[in-house]
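We just call them A, B and C in the order they show up, numbering each chain from 1.
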Amino acid sequence: METPERTVMERMEQGTAPPPDAEIPAAHTFEVKNLSIWYGEKRAIDNVTMDVASNAVTAIIGPSGCGKSTFLRALNRMHELTPKTRMDGTVLLHGDDLYSKTIDPAIVRRRVGMIFQKSNPFPTMTIGENVVIGLRLNGVRNQRFLNERLEKSLRMAALWDEVKDDLHKPGTSLSGGQQQRLCIARALAVEPEVVLMDEPCSALDPIATAKIEELIHELKAKYTIVTVTHNMQQAGRISDYTAFMYLGRLIEFGPTTKIFTNPTEKQTEDYITGRFG
Amino acid sequence: MHLSRARSHTWRKIKSALASGIAFVSAVLVITPLGLVFFHLVINGASSLNWDFFTKLPAPVGAVGGGMVNAIVGSLELLALAGIIGIPIGVLGGVYLAEYGSARLNSVLRFLADVLNGVPSITWGVVVYGLVVLRFKSFSAYAGGLALGLIMIPLILRTTEEVVLLVPNGYREAALALGVSRWKTIVHIVMKTASKGIITGILLALARIGGETAPLLFTAFGNHFWNHSLSQPIAALPLQIFTYAISPYDDWHRQAWAGALVLVTGIFCVNVIVRILTRGRTASVV
Amino acid sequence: MEIATAPASKAFGPPVSPRSVAQAMARPSRFGDKAFEWLTFAMALTVAVLVVLIGWELWHGSVLAIKKFGFHFLVTSTWDPVADQFGALPFIYGTLVSSLIALLIAVPLGIATAAYLTELAPLWIRQPLVSLIEMLAAIPSVILGLWGIFVMIPWLRDYPFAWLKRLFGWTPLFGGPIYGPCMLAGGIIIAVMILPIITSVSREILRSVPDLQREAAYGLGATRWEATRIAVLSYAKKGLFGAVILGLGRALGETMAVTMVIGNTPQIVASLFQPGYTLASVLANEFTEATTDIYLQALFEIGLVLFGITILVNLLAQLLLRTIATTSATRAVQ
């Protein structure tokens, strides 16, 4: 039987996951310090401090309502779209304060891309238009440049071979898994430094899920990836580091191998083993 | 005991059938005028329609013949003027209600738009008369277009708001997450996604004001000749129908029927287009 | 599978470095966002401006008449422009009576049709019927008036009016000679004009009644009509009342069709076979003929009275509809 524990052990033996005693590498993409977020009176994130390693996959797990999605959205200021939010603390991206008064949220989001739970290619656009729309709307007019980014992004999203002859077809004509990879291509086209993924596979069948997971593995060579998932098998398969959140607090954070085989906290162990309240 | 219960049950069944029958007759009565109006429009209008109707100016009083070409063109000019005023204000205002603002302010504005939708159309004529005609001392196409345009605003505003709200939030988030600014997201993603619905609302508003007469009586005023300047009175199809209908001449009555047939045909064409546009609307996104 | 860093650039000339992608994009402008928000806000604010503008313009246009005639304007029944005598009572009376007649006809028919459409009719008939009612709503008032003059009035005069006179001629309501254009004809044509709105708003109201209501009634063994009456109609009472008030608002302001069939005579008489006049009709007929300032002022004041009444009625309707119905009812309003 596939368990997260066995999966991470196998990956460690293959050398594709850091060992339990690995430190979070010094090359940080994000440094989150004392982050708290409120929706109205409700505190969704409670004083979280955590560093996100570069060119690695960091998974955030926890029961629904634990704040993992909010935390993810705080990394590119998407949570600000919800009315009446308030935040405290700092988030540094390669040393730049994302919440500095002088930085535009649009710039933050160009540097930190996001993939959503439900694939959402724009229904009025073709596959090709969907990929380059971010560049277009951000003022890129050069057609040669756009074509170049189009092919490159689709290749990176492992979709080029499947759609290269159908670029003029509507984005919504693709299958669910293809749509999600199209969304990944769309996000990669603006060349972000980080890709955030909010349960990217939860609406997909196992085969499409496997493809996305493989893609995530490929992408980490070039990008830092932070993903939220409620599926612990998936966290075990794809992530190098895992954070366990509960009630808005970061309970435990470390190499996935350690979290899944030998967690320090009792709450983490209960959740991993499915004994959670 | 058993017998009376059975009897009462039968009676209740009969009562139910009776009520259904009455409701059915009511429904038939409601649509009867539609059938009758159509029937008479076709009978009386078709026989009066000819090539002259679409190519000639009205004949002088008392003379037989002539047409309404100036009124048809005049109506189109008035619709264009109204559209220039009503469409941008209505669409952008609707976008504001759907995308920005606070819940309280928006509910007040929405409420006011609904109240405006209930204002009698003749009131708009009076207001524009005071605002434009008295000030410039002349009836004009501008005044008529303004009156119709103002009527369009709350209509388009509410339909636009409604269809923009139907656009799933995921599209907004996807665009914003690409670092696209809010206003470009709204214009290029949200409004584009809702464009079918927005256009539908605009077409319905145009069809509605295309048949309006009351607001034009003392703004556009009507004109038996070509309008050579938009600051002069202008003919409109509904106005011409009204003038001819209440005139004492048989030939003008025939022309009024012909005009009515043309006007209704135009309005129904727009409605058919709308129906085609909105087909399967519930199935797709917007 | 191609790896992310694979040189996809061979066919495209020099490779694009990540930095150059960021540089190729324009800086986001906060000005654009602010400007667009303010622009749309200004457009949305137009509705508030328009409400104020209507009120102010009508007041401004009639202030002399208001000062001169005062409250008497509303209760005087002489309308004689030649003698500078202006009293709006016949028009107020005509507006109220014709609207009342219209409601008496349109409310039962409209609500029964709405109940038929949502509860009683076979499913296949519903959508076509709704489409037909929407088509009726799309017919311009002036065309209904044209039909009223040349088709409806001659028929009414020869058949229903003649019967009514024979049966009820002894009552003041149906006494006197039959001219053709009259208060009753005006009321009937208004009824036709407001039937679509009353029907479609009522239909939305009935549709918003939770299915649980119906199921409960059927569960108790109710017949179709009993379920409709007990579970649906009584549940939706308040909303239906809102639909009626909304219809009243439209009836009060209805202009062209009623102007063409009501006879346009400012008088207050009991007989419905006698011509009448409404606030909207007098505006339609006399506005361009107003030769003196005070005449025009009096007409503006008529407009103000009409606006005042319809605003109040519409406010009431909106309040009634807002509390229960959702957007679906407001959609039907348009």
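Methods note: a contact is a pair of C-beta atoms (placed from the backbone, for glycine too) under 8 Å apart; a residue touches a chain by one contact, two chains touch by 3 or more.
Note that the coordinates shown come from a computational prediction; the quantities given were computed from them, not determined experimentally.
Colleague: Fewest touch steps from subunit A to subunit B?
Modeller: 1
Colleague: Hey, which chain is the most central one here, using CA centres?
Modeller: If we average C-alpha coordinates per chain, B lands closest to the whole-structure average.
Colleague: Can you compute the centre-to-centre distance for subunit A and subunit B, using the mean CA position of each chain? Integer Å is fine.
Modeller: The computed centroid separation for subunit A versus subunit B comes out at 49 Å.
Colleague: Averaging only over C-alpha atoms, locate the centres of subunit B and subunit C and give their separation in whole Å.
Modeller: 13
Colleague: For subunit A versus subunit C, what separation do you get between their C-alpha means, in angstrom?
Modeller: It comes to 53 Å between the two C-alpha centres.
Colleague: Could you say which residues in subunit A touch two or more other chains, in rising order?
Modeller: 106-107, 110-111, 138, 190
Colleague: Which residues belonging to subunit B are in contact with no fewer than two other chains?
Modeller: Within subunit B, the residues that touch at least two other chains are 179, 181, 184.
Colleague: Can you list the residues of subunit C that touch 2 or more other chains?
Modeller: Answer for subunit C, listing residues that touch two or more other chains: 25, 28.
Colleague: Mind listing the subunit C positions that touch subunit A in their complex?
Modeller: It comes out as residues 1-6, 8-9, 12-13, 16, 18, 21-22, 24-28, 30.
Colleague: How about subunit C: which of its residues touch subunit B in the complex?
Modeller: By the definition above, subunit C touches subunit B via 25, 28-29, 32-33, 35-37, 39-41, 43-48, 50-51, 53-54, 57-58, 60-61, 108-110, 112-113, 115-117, 120-121, 129, 131-136, 138-147, 149-151, 192, 195-196, 199, 223-226, 228-229, 246, 249-250, 252-256, 260, 280, 283-284, 287-288, 299-300, 303, 306-307, 310-311, 313-315, 317-318, 322, 327, 330-331, 333-334.
Colleague: Which subunit A residues qualify as touching subunit B in the complex?
Modeller: Touching subunit B: residues 76, 78, 81, 106-111, 113-114, 116, 118, 120, 122-124, 133-134, 137-138, 183, 186-187, 190 of subunit A.
Colleague: Within the complex, which stretch of subunit A touches subunit C?
Modeller: Interface residues on subunit A, with respect to subunit C: 104, 106-107, 110-111, 135, 138-140, 142, 144-145, 147-149, 151-152, 155-156, 158, 160, 190-191, 193, 214, 218-219, 221-223.
Colleague: Which stretch or stretches of subunit B touch subunit A in the complex?
Modeller: Its residues touching subunit A are 168, 170-181, 184-185, 188-189, 192-193, 195, 284-285.
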